[in-house]
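Two complexes, one shared chain (chain A), two partners (chain B, chain C).
Up next, the complex of A and B:
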């Protein structure tokens, strides 16, 4: 799991690179509250099949969720462990459609259960509940409440899942934006689905994508899109597209280094919320071309869509 | 693909690819425009675009869907689609109105409305009816699962997608033999190939998911497998499957964990007849394929259950009335529910009881036995409120023919289309020669 003051990266030469950063929101810094976001990156391979896995979580801010910071950290840990385990179990599945359908069938149930196990263990270890006391243990989940977005690039397939708010977007090399997870329009205001919700395993939205020509997969907590005009807003879409343009212009590492400053600025100017953003630069399926790390973007303005020349 | 042109091989028409609509496990689905307006094309991923699959599509295009109303629910391949310079291919099909139709997972995630009991009965009835028609046409589906079903959550109309998996019973080869959680145990154990008989197991699993929101074998065994790998799945689904509500074998009962509360609650809400049929499907039918619950049995069951639905006058929750006319308690608000009036339909050889409350519909299948080709879904009568008298109701004639009606005092009258008969006990309506008798609760016996 990441320290919020640094960006982390993970890479696999066959698949691509993953970068992530998490920033404490301006309003949280002002009030002396820690960030309630978390993210995790993992790369590796098993049986010579490479895999990159990322996860982003946003602990709920309400006082009822007083352990949500830990809940978010346990959420990303659950996601990475479950996806890595899933990857190892399906090494020998020759048919991709089997991997995809089993992800859809199993991942929501297994990851939700793993998170609850982690939360229970944590609560018992910290003596917040007594082991074996069922009522108390089931009530503890609310205190750890968190959203979770998880994605895994395995060979030629991209698996994605989400519970609660936040954004998951894939920008293809031709600039096409794909939002594989349908938006949840049934909730009002800051309401969100949660790992601590009743029937959490039924509340997941999952999708599978073909890696094809690769692209940039972006997962972010809602603090980022709320700094613009929300998940569906044109300004947020412009931000995403210009972010991808900058990766092409300046290289992934330079964009990753500059990201923390950009997010801090958005938080100060707009949402004030914690912000976490992970992006995976996915290589085309059969190409292993390198990236062109060229000019540092630090002197350039943050990729706010409206003023970006690429639009 | 968007912007490119593809060709329907048999009709010879050219189609323009407009945009990608979605991505499934076998391929992508695109919106296309041609002489017949907007349609959809499923385009196979390269590894799925095999010669066998191409042959299978051409066979299905030439054969066509099952006849009648059931056949219209299958989103059937209409033509083979190819693209110049590409070895890949796909097939043309009707476009699905996703603003109307939902997947089960969308209802679970509250992205679409959750179907009420009445809609659930209709979905289940139409599913059984559709697969009955498919099986009678000599085909098996081989991949029955929630992923291939879409339904209108408000009224229960269904669509069955991904029909490229359909094959000739006990003959065709296919790339897709279903996801393991829906597979019959004998397929998982490697003893049998997919057939109409194994479809019956998959159908029962899908119906269980629809009603209970849970897998019939996800109990203590699955709960304690920390590593949910292929050997674990083979054990739970194929080698040692035990129904979570098996009354005689509780080794795989639901664990005592909040994750299972909804499954437990929904099982308790189910009418006894549905619970008994699921028990039979996942005990006797599990070990002896010849004793599986047939599509016809499911069809009759869900039609009968739907006919017993009544609405609680206090909280408007749907409840199932008891056939013996006893009062019941509302599952939602615990209000004591008096038995509703029923209509007795005396068909040749059988009698049907339909509980009457506002909104209840009398369908063609209540009057005549449905053939394999028709599902009898046509609404012939509806219970409507009296326009002037509060609390009074009547049966509206939704047909285009005049009904003959005899009142308890022996008077007779004609009921033209769109007019209603008062809901008075003892009144007999004749529809196509079949008597429908309105019966008071205390006379139900």
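Up next, the complex of A and C:
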């Protein structure tokens, strides 16, 4: 789990690289408040099957969610632990459709439950509730309310899930943008879905993607898209495509290094919100004869103006 | 990851990604009664109070530099039309033209005009809650069903529900329909603001515009499930006024 304002990376030679940056928003800095965002990266393998997992969470800012900073940190921890556990459980499932259906059916329930366990433990440890008091504990979840985006690249499959606002986008090497989880059009203004909801497991939206030629998977809290014209706006799309072009032109590490300055600038000039952005540079899937495609993602530059099925 | 190259930070050598950053827009609507009964002291006070309120709103929201307030105004008498609009005007450029009085009180038509502007097609879903302040001194002269339908339509659209809707009634309680104006308001703890005197009208116009703008500007995220079908923001109670008997409307 990353502390705020840190820049972290994780890598797996077979799958690719993951980078994450989180910045305290201009509004919070001005008022001396800490960031309510969190992110986590994990890479490793089990049974010789590699996996990269990322998670991004945004604690709700409203006063009724006064422990949301911790709620967000516990959310990314829950996501990573559940995705790693899922990876280990399904090592030997060779059929993609089984992995996908298991993910869709199980992950939302398991991660929501784990988050609630973490929150309960935290609240008891900090003496906010009394252990065993069912009624009191059930009321504590609202105070820890948070969104959560989680993604895992396992072998030739990309698993993604989201509850609440924020953006999850995959840019393919040819510049095509894929938004596997469409925006929730039932929400207005600053409303969001939350892990703290009693029926949180039903509010998750999940999707699975084929790894194919890889690409750049981007997960970000809503502070980023709100600094442009929102998740579906053309200016945010320009930003995403341009970011991927910068990765191709300047390399992942240098872009990751520059990211914190860019996010600070966006927060200062626009949304004022905390900003967290994680990107995973996914290598192309191995071909049948065991070799990999020769395109080096760090050197390739996806063309701008690729088709955009998100609209 | 050294971040340095030839004495210059790498960050400085990488152009910032494309995409135009924008501040969050807060849409502010005045709905001002300019019927014949508003003539004299009432309209003069309203004109002056709004002119004085605008810089105060600007000053209060300066604490939220990420917010850009854009204002519009609907005037209503025999019918309802744009006093300033339909294009929203940035608050820095907002100038209140003198409002003249004549005719009846088409409150329903003013609400219909507002409803059209709050539709999802014209107002982004993820923006800040709009602020709508209705100021009137009389009974709506549109047919009762028209008023009811206008409020029903407003309450059907998402931003109609989530907006901050306040109303200021001017004059003696017997001159206006309190229940009718109260139905426009969606801030229970505020209720209908009753201005019996010019001093109260000025105070309420300033308080309503500043408080609503600041509350909307905060834009803090909340769990939708815990909110229900209510406004995105809630205001504190309005200031308590001690009415002077010497200068009533």
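Heads up, the rule we're going with is that the second predicted complex is superposed on the first by the 286 of 311 C-alpha atoms of A that agree within 3 Å, B and C clash if a C-alpha of one lies under 4 Å from a C-alpha of the other, contacts with A are read in each partner's own complex, and residues count from 1 in each chain.
Methods note: a residue touches a chain if its C-beta (ideal position, glycine included) is under 8 Å from a C-beta of that chain, and two chains touch if they have at least 3 such contacts.
Quick caveat: nothing in here was measured; it's all calculated off a predicted structure.
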When chain B and chain C are modelled together on chain A, clash or fit: fit
First (chain B), second (chain C), both or neither touched by A:127: neither
Partner with the higher number of touched chain A residues, chain C or chain B: C
Which of chain B and chain C A:257 touches, first, second, both or neither: second
First (chain B), second (chain C), both or neither touched by A:202: first
Chain B and chain C, minimum CA distance [Å, superposed model]: 11
Overlapping contact positions on chain A, where the chain C interface meets the chain B interface: 185-186, 193, 198-199, 203
Residue ranges of chain A touching chain B (in the complex, touch as defined): 85, 89, 95-98, 100-102, 104-106, 109-110, 112-113, 116, 134, 138, 178, 180, 182, 184-186, 193, 198-210
Interfacial residue positions of chain C with respect to chain A in the complex: 1, 3, 10-11, 13-24, 64-66, 124-129, 158-159, 161-162, 219-227, 232
List of chain B residues in touch with chain A within their complex: 20, 23-26, 28, 45, 47-48, 105-106, 108-111, 145, 147, 175-176, 179-181, 213, 218, 227-230, 256, 258-259, 261-262
Residues of chain A defined as touching chain C within the complex: 7, 9, 26-27, 58, 60-65, 142, 145, 147, 165, 185-194, 196-199, 203, 222, 226-231, 235-239, 241-243, 245-246, 250, 253-258, 261-262, 265-266, 269-273
